[in-house]
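One structure is given below, represented as structure tokens, and several questions about it will come after.
Note that the chains are named A, B, C, D, E and F in the order they appear, and that numbering of residues resets to 1 at the start of each chain.
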Amino acid sequence: MDSLDAYSTCPRLRPDTLVRLGRVTTATLSMQLLKRGLRHIHMRGPRALDSSRAKFVGEAFTFCFLPLREDLGTLDSYAKPGSMREAIEDMPPNRVAVIDARGETGCGTLGDILILRMRQRGALAVVSDGAMRDVAGVRAVGLPVFCDGAAASPSIGALVFAGWEGPIACGGVTVLPGDVVAGDGDGVIVIPRYLADELVEAAEEQERFERFVLYQVGRGAPVLGLYPPDEDALEVYRTWLDAGEPEA
Amino acid sequence: MDSLDAYSTCPRLRPDTLVRLGRVTTATLSMQLLKRGLRHIHMRGPRALDSSRAKFVGEAFTFCFLPLREDLGTLDSYAKPGSMREAIEDMPPNRVAVIDARGETGCGTLGDILILRMRQRGALAVVSDGAMRDVAGVRAVGLPVFCDGAAASPSIGALVFAGWEGPIACGGVTVLPGDVVAGDGDGVIVIPRYLADELVEAAEEQERFERFVLYQVGRGAPVLGLYPPDEDALEVYRTWLDAGEPEA
Amino acid sequence: MDSLDAYSTCPRLRPDTLVRLGRVTTATLSMQLLKRGLRHIHMRGPRALDSSRAKFVGEAFTFCFLPLREDLGTLDSYAKPGSMREAIEDMPPNRVAVIDARGETGCGTLGDILILRMRQRGALAVVSDGAMRDVAGVRAVGLPVFCDGAAASPSIGALVFAGWEGPIACGGVTVLPGDVVAGDGDGVIVIPRYLADELVEAAEEQERFERFVLYQVGRGAPVLGLYPPDEDALEVYRTWLDAGEPEA
Amino acid sequence: MDSLDAYSTCPRLRPDTLVRLGRVTTATLSMQLLKRGLRHIHMRGPRALDSSRAKFVGEAFTFCFLPLREDLGTLDSYAKPGSMREAIEDMPPNRVAVIDARGETGCGTLGDILILRMRQRGALAVVSDGAMRDVAGVRAVGLPVFCDGAAASPSIGALVFAGWEGPIACGGVTVLPGDVVAGDGDGVIVIPRYLADELVEAAEEQERFERFVLYQVGRGAPVLGLYPPDEDALEVYRTWLDAGEPEA
Amino acid sequence: MDSLDAYSTCPRLRPDTLVRLGRVTTATLSMQLLKRGLRHIHMRGPRALDSSRAKFVGEAFTFCFLPLREDLGTLDSYAKPGSMREAIEDMPPNRVAVIDARGETGCGTLGDILILRMRQRGALAVVSDGAMRDVAGVRAVGLPVFCDGAAASPSIGALVFAGWEGPIACGGVTVLPGDVVAGDGDGVIVIPRYLADELVEAAEEQERFERFVLYQVGRGAPVLGLYPPDEDALEVYRTWLDAGEPEA
Amino acid sequence: MDSLDAYSTCPRLRPDTLVRLGRVTTATLSMQLLKRGLRHIHMRGPRALDSSRAKFVGEAFTFCFLPLREDLGTLDSYAKPGSMREAIEDMPPNRVAVIDARGETGCGTLGDILILRMRQRGALAVVSDGAMRDVAGVRAVGLPVFCDGAAASPSIGALVFAGWEGPIACGGVTVLPGDVVAGDGDGVIVIPRYLADELVEAAEEQERFERFVLYQVGRGAPVLGLYPPDEDALEVYRTWLDAGEPEA
């Protein structure tokens, strides 16, 4: 039985939430989550395979691997019911595939063929805390792919596929199906689904203020007193806002 | 969806299988599994908390934790539906509780109170790849407990309870509900359920032969030629068997 | 400059705080700290060298090592101003020596001679996230000593002594001079100094309630509903209290 | 008390030392330090964030973090006396900021705003054994930045700022304020301050000889006998020098 | 005595084996090895220093380092009989230098001078599970070099050269002299020498089939039923082959 | 080819060297080695399996394992020429078996049968940086055995036997055949063979002086000025020696 079902069955996100979240950085979102008491939301391990394709935001569709057991991780298992191939067909479009590979970097979680099929199924991005294989081919597919290195071996070299759409851990972070996942050059973070709408506005305001801070620091101001702002800084900020964010 | 359900829904074990498996060592069982192509069956991490209470064999009842997320790992979660407390009430008697703690040793997976309740529920042993807390109290309960050290913090210090009776990993080994789990001074191993009956006889024969080997080596014989045995050694073995296993 | 000075210059502890804290377990204190939002207080690494001498509570006196640099970690350095030997003479009685060894287990942080001197200086216990050397001799001194294994090499085999009574990390936990440190079979935890008085009562009440829980569970009650207690359980608890904690 | 103060209060460097050290590689300097018995001078972890901005040499200004404790690592702490912001204002121009992040890669030690302020304050480079955040923005600042990956979370996600200009460890190497720090494609090394002047000449001579070696090896000579040179090789070297280092 | 000599003294490879192996990916070869029961053939650690020079296949010539012991890892040792310099002169042309550096990344296994000499000696590639130094110079040499990062220190900073052409481990994989080693963007794998000829045809057929699969998936086919292929898929494949592999 | 042969073919040890080394601690020997510039001589990993049987000194006989490759680590390999069984028959009496298991703790390097045979062959002790199996049986044999934990699997579960009496690493320390190896409660250290005779006297004198130091510290003296001793302390020491080491 899964104990965390309640958390992932939240109502729909507001229509513009994902688009707006996609305009802010994971660093900004991270700070907003920390302000709400959430520190364990940054994945360790997954990095963009192609740094020019690192930006994404979307709802998680989860996949789960377990450590290799030779009787389970057979070539036959690729064609059996409950295989990764079947799981991919079950994934709706516009999802981020998030894969719990138990941090195993000695085999490729996926290769070019399955990643290509994911793109065809409308996936927005693929995130794994394991490695990928055929990375030249994977890059050619053109999806944002985050992983922890490359390995030639197929997944059954070190892993067994164990299921999908349950709660998982990826890069040390717990992810529930439907949570919002965001990535960029700083890596991948997880936003609990029920917080996504709430975070948008605060994140946008934070970035507006940080544009002001960068503008001031670029002109020689110390950060002390400016960010977090004291009363004087806040007044200058309001003036800067009224002036239409000059030179930002 | 779980992909490995088929493997754990095997028929009943033969009535004497568990008793007879309990008379051989995990080292012996390990060798028999290796002969059948299974190398990934020894858990790394779990050790007996009390070396005088390290011997057990039984069918696995699985529990699963995920990494802490502050919104999920709350004090309230202890009393919610789907808690570890509820899972324990769901466990039939004569099971081995096997806990996937993601190898997290910075908090105690369980403490004396829940281990005591497990004993009351008829558990045969408890295995976790995380730490335990209240270890003085846990030892006092008297169950065989295997874990990776001690930690004062409660489980929500670093983990979130995520469910039970699904496929898990413990100490790097995949365990399905109903698999046979065995422990002793060499640690804990997993026997795929469908292999348990088959293993009994071969394991007993191996231990009989090894008693002969130890007897011979104790009298000065080299191991070379003796184990694995050449033709001469096999003949001496047969004579020794006919003689009723003298001095073994 | 140290940034955390303000936190360690708190007023005196109440006279009975340390004695009363010494009667509860680190598991209990850990839970009380977690209720106050503190999860990073359990050290990873330090374990009692002698399990029969694992219980202590006291105010921290901190020592700090850095990684070996061959020009600094010389035999001469043992006799120079600012050596560990001088630092020990600076330690008032009734303190717990807490040593930041950067988790280096390839040399002994201290050996029997310095530990003996610490006992003579009135130290209550010694905690290091590195190893100890001469562990037979160290055990003979009779102080509670917590460390991460044994190593024959002297400290300058892999470390350089860097100072004392500043903020340190030990076992991954930040410790300020004057913080309260407590140890037992579950390892070592840190209580921020300003919280020590406040924790005493809550910890005692928690242990009283857990005696009741163990009593009930020992008689067959499930933990669900009992701990955390629902209304019924609270009423039974009050009755049990009124009856003078029978059979606990 | 710091025990290593004496080592960092050396006299001024010769005026051209830093410029000349900037013309040799860290590999060369490493060899010269090893010849003087110093092996523990190469940092593990820090790599250039931008490989085209990896070359720097300068005097260290040190910063120190400790592991997160939730009561110390608050948002308020950013604005308190003793904050990182204040420390940066205390840093003289033409220094290399060297940051002890305890190897914590689960949060960003610094982001674009503070790195920009450091550039404004005249910093030559920034070195941390933790991660950076806002790495796109950090790259845009244009300073040489060495770190161990990227992480979206702010520093208080996993660290607490603890002070500046004391002895620290970075990447497993002990660094004292004023030590000379040098970086390039091979990473970052530390030169004890009192050795910097002495190293310059030897390093320059080593690189001259290695140009000769590369020239000879490029023309088919084996390295055996050439480097380290036997008598014949030394004579050829002198001739090559006299000829004005042809074709090097 | 070496116990594995028999395995590396196999007959010559077929003349076109290496050329044809060089046309398939390590991912393909990995799958063929797994089909023959070999999972432990992918090295962890070595990555291409220069991603544009990552493709190679050749017979291994092995080198072996051990951990530093200060009496063995002296500057003198560079010129002594049995040095790395001598070993390089012993290497026939058209070999891949495979170096067991015990995974030590705190020093450079080799630098630009020795790598240049290896190229002059006809080496096809260099693989180490340690770091390299002078990496700018190493890149300039132009050989495919696979290693685990960069470090300024010379090899005797942390290692001792121990011999050549014996059995070694590199990146956790056992390599015998004469085994076939192959590298590309997925890293480095080892093909037991006696299997190299046998693998060629199967690998080529696998890649032909995968071109068909990518073609089908690119046109919208699910992978389920296609790879591994069911009867229908096999028929479509045969038609596609008869048609001359259209649009692949 | 092995490069380190010269170091292990030293002349015989003085007849009483091993006996006298057996009377001092590894902590003392470690300090003497450090005084001679040797820091990398303490093994990380091996601990006494039975703390009451931890004391030994003897000349090393080396064994070497490599990581599992499924074609080499077969059950057949146990009976082939070059097996561990053959190597044991090649070991002269009064040696310490030192085993390079590459730090692999996922299988047992040896079990009770081979350890029993080693005892019969006159081995003084067994040291491995891997695990042991059948540890109950191993303990019963009665030899000092140092290893890094227990594991049920046979060696071919994760390792391949690769040879004997060559240079190896064990616990991160380079060991040549014939080096002197010593163990006690602080673990295992290696003394280069050519230094063993030289170390004896210095070690004995050090322990004499440390008995004096412990005597003084036990009577209330600070360590500062006493060890290392200033002139006054040396004079008191000489008096104490003249008085026949009272109360030590």
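Here are a few things to note about the model shown:
Throughout what follows, contacts are C-beta pairs under 8 Å (C-beta built on N, C-alpha and C of every residue); 3 or more make two chains touch, one makes a residue touch a chain.
A quick note: this is a predicted structure, and the numbers were derived from the prediction, not measured.
The set of chains touching chain B and also touching chain C is given as F.
Should one ask which of C-D and A-D has more C-beta pairs in contact, the pair is C-D. Averaging Cα atoms per chain gives one point for each, and the point farthest from that of chain C is the centre of E.
Residue-numbered contact pairs of B-C overlap by over half with those of A-E, the repeat interface among A-E, E-F or C-D. Per-chain Cα centroids separate chain A from chain B by 36 Å.
With centres defined as mean CA coordinates, chain E is found 33 Å away from chain D.
Distance between chain A and chain C, defined via averaged C-alpha coordinates, is recorded as 38 Å. In chain D, the residues that touch at least two other chains are 39, 41, 68, 83, 172.
Per the contact rule defined earlier, chains pair up in contact as A-B, A-D, A-E, B-C, B-F, C-D, C-F, D-E, E-F. Within the complex formed with chain C, the chain D residues making contact are 1-7, 37-41, 66-72, 80-83, 87, 90, 102, 160-169, 172-174, 190, 192. In the complex of the two chains, the chain B residues touching chain F come out as 25-27, 29-31, 34-35, 39, 41-42, 44, 47, 172, 184-187, 189, 210, 213-214, 217-218, 220, 222-225, 227-228, 230. The touching residues of chain A, when paired with chain E in their complex, are 68, 75, 78-79, 83, 85-86, 88-89, 105-108, 111-114, 116-117, 120, 133-137, 149-154, 156-158.
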